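Below is a structure I'd like to ask you about.
Each chain carries a letter (A, B, C and D) given by its place in the written order, and its residues are counted from 1.
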Amino acid sequence: MTPLASYLLVAALVFAIGLAGALVRRNAILVLIGIELMLNAANLNFIAFWRYGPHPEALTGMMFAIFSIAVAAAEAAVGLGLVIAIYRHAQTTDLDKMNRMKG
Amino acid sequence: MQAATLFTPQLAASPIAKILWLIPAMPIVASGVISLLKQPRRKAATVLSIGSLSFSLLLSLIAFAHVVAGWAQGAAVCETVNFTWFQFGSTTVDLGWVLDPLSSVMLVMVTFVGLLIFIYSIGYMAHDENYTRFFCFLSLFAGAMLGVVISNSILLLFMSWEIVGLTSYLLIGFWYQKPSAAAAAKKAFLTTRVGDIFFLLGIVWLFAQTGTLLFYNHGAGSIEGWALTGLLAQPAALGLSAATAIGLLIFAGAAGKSGQLPLHVWLPDAMEGPTPVSALIHAATMVAAGVYLIARVYPLMQAGALAGGTTPALTVVTWVGASTALFAALIAVAQNDIKRILAYSTISQLGYMMAGLGLGGVAVGMFHLITHAFFKALLFMGAGSVIHGCHEEQDIRKMGGLKSAMPLTFATYGIGMLALCGVPIFFSGFWSKDAILESAHGWPLSQAPFYMLVFGAVLTAFYMTRQISYVFFGAYRGHNHAHESPRVMTTPLAILAFFAVALGVIGTPAWPWFRAFLDNRAADVSLHAFAEPAWLMLLLTSCVIVVLGIGFGWTLYGNKSPNAEAPDALERAVPWIWAVLRDKFYVDEFYGATFIAFYEWWARVADWLDRRVWGGAVAAVTWLFGLWAQLNRFLDTNVVDGTFDKGCEEISTGGGLLASIQSGRVQNYLRILALAVVALVAILIWSSRP
Amino acid sequence: MSPVFYLVSAMTVAGALAAVLLKPLVHCALAVTVAFAGLAFLFLSLDAQFAGFAQILVYIGAVAILIVFAILLTKGSELPRDGVFSRSWLAGVVISAAVFAALGWAILRSAWTLPHEAAVPAVTVHDIGVALVDRYVLPLEIVALLLTAATIGAVIVAMHEKEGAK
Amino acid sequence: MIDKMDQIFVLLQHWLVAFLPLSLQPVASVLLAVVAIVCVFPALFALTTVFERKGLARIQNRIGPNRVGPFGIMQPIADGIKSLTKEDIVPSIANAPVHFLAPVVLVVAVFMGFAVLPMGRNMVLVDMDAGLLFYFAMGASTEVSVFMAGWSSRNKYSLLGAMRAVAQMISYEVVLLLSSVSVVMIAGSLSLTKIVAAQSGYTGIFPHWYIFTPWGLVGFIMYAIAATAETNRSPFDLPEGESELVAGYHTEYSGFKFALFFLGEYLAMFSISGLGTTLFLGGWSAPFSFLTFIPSWIWFFSKLMMSIFVFIWMRGTLPRLRQDQLMNFAWKFVLPLTLLNLMVTALWRFMGEGWARWGVCSAILIAAYILMGRVGMYKEHFGPRRYRYAE
């Protein structure tokens, strides 16, 4: 049986990697990917805590994970839509070039 | 649902009573649907409104038959269906509807006349581009009016009453592009509003006193049983009982709607609306609503009746009615606008109805209401047909000789005119007016109303003769040639004409069916009622009246065709009276000089106060603060700034540093966020150290 | 500590790393798909069947494809001239390392308090369904609303400005 | 005896497993079942190819393969050998690893799908509580493989084909899911075995299959349409429309990889038909109560083959759609109707027994169908094809 800590560590690792991705890449899409990774890491935490928690039958963590998956889907859709819109507007998805606050 | 009657023990509401609400509902729904239609959907609008109204007519007839049947079996039908609208605290606000002789008769009248007028409007409004809107309003009006008729709760009645007022406003101002029409609409709305304020006061007072809004609620209603006695016991100002005071307040509302003195001013101007509107609203039904209201709350007015069967409230009603009748008749003599003449005659006839209520009770007033509704609608529609035929010409001096041009209109119009004059025996007008005169003659308090009414009747005959001879006899003085109106307009005229004659039958002294029906007595046929000397006397009187009026009128105007600009025959005789009458006793001017002037003056005063007094005060304060500000400025520039500016520079440099963080780069922000997270976690763990 | 866990978590982390480090965007997308799959397996290993399959369905079936589409629509498949990493990449690395350090420290410090064993929860999909429409019905509705709004928003944001008739 | 016939494979499995030591038995039994699946369906695939070729040939007034073996029965074997022995070409600029992985991922994902299909009484590999979800999860991951194939080939036809395919699959996957959800609503479970069990009853001689209800019928039709699109079968075979883009996303594939794609497509067809059978056609249950003596797996496979035949029939009959028609059809007709079907299902669930619900539900559905059909026709979203330049 795997201890909870190891799951949490993996989640933390994935979260850190996602954060790094969001921080170091130029491309907006990659930033989105990083954010998705972070969300997933959070989900993993939720599930893990649900699984090892005192009241798994209450389904709290599970529900949280499910809802966050749904929300993440929405977030991805909107985010990518924005990226495409920005691309159409500025002909680039490079965040370093995207530093003007008005069109 | 339970039911109650004034006279007999309660009996369960019959099915027809249960579905009585459908009668007003149908037209209202229809108007709602029509309001969604596009303008060009004329046929749909027509079908909807007329279909719904005829359905209501059918239902009303059934209801009427039901009531008559009950009455014939000697059991007076007064079935109510009540329900609680909402409730706050212990007080409940109840709504409901009632089916009794009064409402049933009124229902049939309103739906029938209304239907005829709807049909008539098809022809009259055929060329108007807002046809659909017109029918929408018309249906809404019909629905609201029927609501007034059936409502058993004074609140429901008031609501319908206000909707009626609204529709009247909308319809008077139907041609709002005419400034005169818009003004008239506004005038009508405001004037009736004056009355409605009093009405509302009355309602509130009544509710406060009796704690119920229902008229009939098997003994617990506001105008029956203990409620009335309580009202009587309750004293109000200047020695009047609460019942009287409330009755008077309600009467004020009725006066506003029915254009009684002194609130009659709006009704003549209301003729700016399309003629069917004038016929339907401002002759047949709406203005009758006031009379109907008094009839509905009659127990309240009659409460604590003295020996002569009269009360202070009824006395007021009588005097107002009588004086209105005379007053309006006088004015009508000197008008030249065909519709205005009819309008003033309407006012005076309403005066008759009121007087009838005050003198002879519900039956008398209501009977005249019914007959008048028919022949006045007839007259208005005839006038409409004339106007239509003369290409929107309304000045009777520019007409004439139309009897050959539009024979059918002439015939029907003549019948209407004769009915209005009250030509004996053959015309309904005679019987109803006769009943009023009879009761006036028998009034214990004073004979003055009787003579006023008689004189009014003479004048009525006179001005109708004048009008008809101007319009139909002599030579045609208009420019473009007149033509008869289409079938769809003349047919209703014929029908109405028939009833203008026939309706008299139900109210003859020999067989006072109508009165018996309303007063819930058995109607017995006794032909020697005709032989009673009193009645013969009255017959004689009215003969004299009619002969006088018509003869006088005919001698003055008959069959001669004065050119349009020539002064009126009467004017030549007594110019000063003429002037007074033509200018309607200067009532409008009087109001203008008093109330309106007062308001304007008050507005000016307020304006002056604003500018001078308050404005001055404010200005003074401003000035003081200005002074203070000057002082501060002095201090600032010399004391504070020296130290402050330094700090500002420091801060701005710091701000510059901070601003460099605001690079607009997403990742910078994200980075800072992450750092914050780290810090937070660190703090968390640090603080949670064991 | 089962070997399966090592395998799967290794796969996940590797996928995530590849997603962050690889240069061609499409490769990143595919790598992140692998990472998603790995996480799904982790969910399954935590007896969260529903969440696991939902993860696969949503992320691999929808989000990954979306990302790919976005990449192709923004000509992201060809490499930019001036490197794929932003100018301040070092700071990013440091910070994320710091974050990981903080989290890891927290976990390890509390590792001895965390449970190692737990009975397999007897939770069926049916229970989840019941909970969704019973206790969590309001969140469910809100999420539904959010998804609708997001759909519309995404469409509007990404929609071409209409030039004349289509 | 009948039960024996019915359970023959199960018994066989037990009998074989019994030879092994106890510790290995669970693994062994699973492996056995996997092996069975991995053997049976490719065989079925081989049969189906020749079946399809001959059937199409008949439809098109041809004879079809008739050289290899009696009636060309051996044709697939010949094809297999050919494809195995052909050179496996990888375009020089192609992205080798992805190009290699694509068909593998596809086949694996498709095979996974069979794991939850009950192919007979007690004949399901893993009776998962969230079986349906699992199936769709696997189905979703095929899209990735298709994209991989198309993108890695570095060929515009491949890429276009892949894009088309993915777009089409995503659009129709929504419909696929939603139409199955209505079944889930009634059966109250995501486990396919439970769904089959829910349909196993009979009234008189007639079975309680979901297709025999208004919502079930509509759901099934929607499912069938979506399934056809999901498997890129004609008339939805734009992704590999030969006339437009050479062979779609597997243009650049040859030899065995191509064979894998081919296999994958057919397996997808099988599994999706199997799912449809399970959801709407009562799975392995007999169509009439007096036919229950025939083994359940026979029923399952005959239903499967029937739907395969329908697929082939459609391919031989219907012309290909245009891309915009396809999308409009998916989003403006099928999807709304499916959503409505969901509501109708809920109505059906809560109106309780009786004929009323039959009337109401069918009325709503028929009305919606006619209405939306008219509107669509009117707006020419999926009306008859308008030739813009040909006139």
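Just so we're on the same page, contacts are C-beta pairs under 8 Å (C-beta built on N, C-alpha and C of every residue); 3 or more make two chains touch, one makes a residue touch a chain.
Since we're looking at a predicted model, the values are computed, not measured.
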{"item": "Chain whose averaged C-alpha position falls nearest the assembly-wide average", "value": "B"}
{"item": "Rounded Å distance between subunit B and subunit D, as computed from the means of their C-alpha atoms", "value": "74"}
{"item": "Rounded Å distance, subunit A centre to subunit B centre (Cα mean)", "value": "70"}
{"item": "Distance from the mean Cα position of subunit D to that of subunit A, given in whole angstrom", "value": "33"}
{"item": "Between subunit C and subunit D, centroid-to-centroid distance (C-alpha), Å", "value": "29"}
{"item": "Touching two or more other chains - residues of subunit A", "value": "19, 22-23, 95-96"}
{"item": "Residues of subunit B engaged with two or more neighbouring chains", "value": "667, 671, 674"}
{"item": "Multi-partner residues of subunit C (at least 2 other chains)", "value": "50, 54, 62, 69, 86, 91-92, 95-96, 99, 103"}
{"item": "Chain contact graph, described as a line, ring, star, complete graph or other shape", "value": "other"}
{"item": "Contact footprint of subunit D on subunit C as seen in their complex", "value": "26-27, 30, 33, 37, 40, 49-50, 53-54, 56-57, 60-62, 64-65, 68-69, 72, 77, 124-126"}
{"item": "For the subunit A and subunit B complex, residues of the former touching the latter", "value": "19, 22-23, 28, 31, 95-96, 98-101"}
{"item": "In the complex with subunit C, residue positions of subunit B that touch it", "value": "667-668, 671, 674-675, 677-678, 681-682, 684-685"}
{"item": "Sites on subunit C touched by subunit B in the complex", "value": "86, 88, 91-92, 95-96, 98-99, 101-103, 105-106, 109"}
{"item": "Partner subunit A, residues of subunit C touching it in the complex", "value": "1-2, 5, 9, 12-13, 16-17, 19-20, 25, 28-29, 32, 35-36, 39, 42-43, 45-48, 50-51, 54-55, 58-59, 62-63, 66-67, 69-71, 73-74, 76, 80, 83-87, 89, 91-93, 95-97, 99-100, 103-104, 107-108, 111, 114-118, 121-123, 127-128, 131-132, 136, 139, 143, 146-147, 149-151, 153-155, 157-158, 160"}
